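Below: one structure, written as structure tokens.
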């Protein structure tokens, strides 16, 4: 289940959680596809049309592209009698797969008023029907199993992007409209989940390091993982400490008040250029009105909650904050090793907020694990070709669909991006 | 009545033409406002949302901005009890009136998914109701008469822009969708109207020049005119000849075939830079497919009609074509003097296609007529502040609302723009 | 003789003024070529190398290009046995003549460390020797007479550009170095010449207008003129007044103090965009240090002389100033007619500072005079192809070579440019 | 000794190699400073003035900045009576040390015609004299020892940049001038040194991996190292093979012929964008003339030597080539471990061309070694603040000063840069 909100958790749709334990592929398919529709349900055709920046895509495009993925990589190769809904969609909804052919330029996705939102809902229904047919055929479903799993995980990623892109789009509107209004009750839930619990004992968890294993074991079939999470491999770590909690707004405010955004010595050179060129002085959606800080959320503008984990910071800001706090960001291996330990332990002395709160910037560049090889064919373009000028984020956020989180997960964004639900966990 | 099409005239809505002879201001108001709604009627919320380039605006924005104009310049000053529909619209739908206050950045008009199209229709209804109330009060209507006329002419200008902006947006869609499908019958009408009739005698009309008068006489109250059309003034002209017909596609093709787009000596220096930087090789919406030329129109892609007047050329192209044809573009004064004569004459030896076909680039920069002074207050920003780096176009186009054409009219665009229905009339 | 300075006139080289009365073409050639060398004489190879912006050129390039002009348009066609100094210079020193062939990209002229300044001096000597040979042949000199005159006037234009480009380059150096140091004595002279004399009577000269003639009569062979100054033609003018003096720094300061740079209503729309994008708050080379205004000049930084005519303003600033002063800029025809009258009169009631002080922005776009036709061949690219998006400046400046001024002269620059010695004369 | 050339080694100056064994700091100082002067010796003031792109700096600037480094970090803190040569140089020749204060904008270094080259030579002499004084004082020299060493290594880095920047500048000149003409004899030497010797046995060296150590041991005082090379730390490596030789032009040509630059599947996504946006179709200085490949070198344009190691490729090209060759780039740790082994071995089965040929792109992002901390104060800006969006290059090139190479050295550049002497070593 996708947790939809910023500060607040909103229960958007009810699903049988028991069914999640060992759902069949068919059930998974229904659940994931319904999740996408549920996110779009409260939105108007206009809301689904707008592309607010080249990094973002229209909601409509996400809805179509995730269907295009099943059509292109599952139905066309595996469903013999499948007839494409509309041959032109091949180009319109290809994202970046050069192996598939032409594509609508990324920055021009928002120019396509046609097909309409209704037409794209028909497209989804067409693909859903064909997929259900395929899933009923045991042989076809088995043959396409890993690609269907990939398609579902792909669609879950886009569910998160729908929320981040929507939030950015609404934030560009001077009226600061809300995605959904039911903030009140949600806030109670959300505050509980997202605010940091009172700390018991030290703020730091200690690890002795040494030769540890991280990454996904491709031979394991228990859980889905993207190709970039493999192979499982050994890494040598020095002893380290890692914060049990994420950095909170209260703490980040102290950094601001201390002149964090005006001290060049805290910043990487490129980060400092950004601070000045884009006049950064706070996280992305913060505003200061009459000395009170507010934050734009999917429920509209809200007073800043000092206890919530800081959100919408770039790698540059996370890195500068860490330097100011006399700490550093954890490496990917440190984070993954600590999170693994935490998952296995019942001790209170473990990491909190690993998942479902904020993506956590690491000090590691997004490169292939030792021995990584991309899948063959167009699907191989999924991850590998982006291994350059990006940093790894670990964990997951409040916008990540439930069941989409795991310790080996490798999210990645360029170091200046801020529109994702990204926060900070420190290490030493 | 707005003539809607490219090659073809489409009768979009029926109005009692007799009523146009001396319509009351109230009738004019109803007619113009209905015209805007009629243009938008066949469009989806998505179609009305998209802004395809900074020069264009969303249809929805045009619908709201024209209402904002009445609200700001007529209702608020003259309708004592008027209550603004939504105070936030003040900023959202201000175009460029610095005197009014803040405005949504021009290039970001397409980011506003809210207010929705439905909400903007409510806005229009709200303004219409208030305006009808004001028009019923003879005193108020008289006091606001000239501003109401300005608002109606303003809205007619936006009706033309709705069509040019919509055309550009649809052209960016690789599926080349049509605005309206009923091309067949319309084509018959349109071909008749837009194609050049057989020429009788010389292709040129001759004028002896001397001291002539052009411009609008501000003391005349017979007809509305924008401030930039005044004052009427004397200009000295040398003898000149001016083409009776607009340049046709057939003739423009000869220019292309003769290497017109690859001969630097035909072009102004800035024009030549454009040709190379933007790889111009034909008018804006032309495409060459397997050696056959097509043109994108509001009815979708059509075979190029060799007898239709060339359309969607920039000043640079018009100027280069004229040089190639061993001619030149007329000055504004030459055009206006010749058109005046033609209007007064029943001789066959006069200018055809002055109005309702293509805007006609002149060799004159858009500057104030001698003695020009802009209106005071924010309304004075209407024309005067754009008198720089633009060229005058005379006449009107198939997209110009009927009744919106006159010989003193001064349309203007920068010399590189091509998305208007602009063509070429030669002079010598 | 080129007058070299900003506020101050510097006598850079002594020439026999009597020889100027009716100099032979050969004498003119020697004088002009020596003038270019004199400007470069105090400069180092480094000074002559730098290109400080795409609009400017290295001094070295000016020295070579003016020689290239004689080589290309005079020596190659008319001096049978002429051998090019270096065939590669054909490309390196072509400015914008597409008819001649390839050219070094304008913005990359400063990348050419080779040929060295010394080598370019050899090039100049080579061309000078060949030209002197040609000038000794009466037949050849007669055949090439008009092209040689063109070449000399061309070189005089570049002499002025050498000073404006050099000034811009030195201004980019935080050390604000001087071109020449002998400011002291020169200042005395300069102040006398450039400051406005006490006004006698009205500040305005009145003209009754009517049908007047302006432009160069191409049949006249008395004086050289560029093709763009022809033909002489009739223009109808309304009665007008024109300021006898140029606007002074003192007056322009009042505009600044009155918020001239922060009142949108004073500016053309494009001008207002410039003010904000480039943060204009004063003329180009002005700086405010501890509440005292200074101006960067070719003698280094100087205290602002309140009585000197304002300099280095764009058309946008001139236009905004005029609006603030409840006046306007004169049209080209108004200026030329008034200057003609002034030249013919001995009355004190005439225009001062027409020449040798500041170029004067007019309200007229730079377009061809009625009946203008460019010369044939590559030389025809000299003026005509720039008739777009530029405004006419009349008169001449302190940097204009003596003998290079005349009432029909049409200088032109885009409305945002400020690095020329441009000022303001008002009209009403 | 800096090896100056592309394909060819040029002996630019003779130094007593025996003196290099254990030179005193004072001898080192003299040697390094003389090296900089020797590189500039054949150049004109114009050559030393030009900045051909923002990434490059004028030769003159390099000469001054390396002196500024000694002045700022050694003389001012340690030489009590030192008087700055010119206080303005503090700003003019600061590169990127925010801790020091203002600086001339990087892209505008080429605008400073003053100070002249001669003046900068005086500046060097002034700093040299003061440094020699300081070096004579045993106490001062000891106190400043590590900063002097840093300054010398810093200057050696700039010696290499002088050659890469100069090469780029000369390559922008359509005349393709040579830095030094004595190519003939040098070519013989150079070919011997730079071409790959005949391979004996396998092309690959095999390593069993495991837990290895890399990085500089900061406690060792034997050899200078930059802060970024520390600390020495353990890394776990899988078994790997690494090529004994660098990729040669002959092999890279096969990649080109096989369509390497037009197959998207070989490229990282950002790399593919570069290929298309900048129309890459060969390494930076290659040109194809009439089906023969040439390469621009510091000796001018030369026929491509098929046996020389490929040079001036970006990380993107190195990475795409490796994928095409069914291999990959080595990680930094793999390279360093293998090079260490090779240095210790007399076996023929080791890596050749580690040093003095081409910088070798690795698959490793330039980030801090585990436990890295930057130096305090402005000197700490030397390396750490650039640890973002760059890749590590190992080894050294023909342009690297002799004695400046070591296995722990970490060079770094953004993945799209090509103007360095960078080549390719494969791994598997």
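In this document, chain identifiers A, B, C and D correspond to the written order of the chains, with residue numbering beginning at 1 in each.
Methods note: a contact is a pair of C-beta atoms (placed from the backbone, for glycine too) under 8 Å apart; a residue touches a chain by one contact, two chains touch by 3 or more.
These numbers were taken from a predicted model, which means no experiment stands behind them.
**Student:** I need the common contact partners of subunit A and subunit B, sorted by label.
**Tutor:** The shared contacts of subunit A and subunit B amount to nothing, since no chain touches both.
**Student:** Which other chains touch subunit C while also touching subunit D?
**Tutor:** Common contact partners of subunit C and subunit D, which must touch each of the two, are absent.
**Student:** Could you tell me the distance, in whole angstrom, between the mean C-alpha positions of subunit A and subunit D?
**Tutor:** Each chain's C-alpha centroid was found; their separation is 39 Å.
**Student:** So, what's the distance in Å between the C-alpha centres of subunit D and subunit B?
**Tutor:** 60
**Student:** Considering subunit B alone, which of its residues make contact with at least two other chains?
**Tutor:** Residues: none.
**Student:** Mind pulling up the subunit D residues that touch subunit C in the complex?
**Tutor:** 44-50, 52, 60, 88, 91-92, 104, 108, 110-114, 116-117, 169-170, 172-175, 177
**Student:** Which subunit D residues qualify as touching subunit A in the complex?
**Tutor:** 96, 98-99, 211, 233-238, 264-265, 267-272, 315-316, 331, 363-365, 367-368, 370-371, 380-381, 385-389, 415
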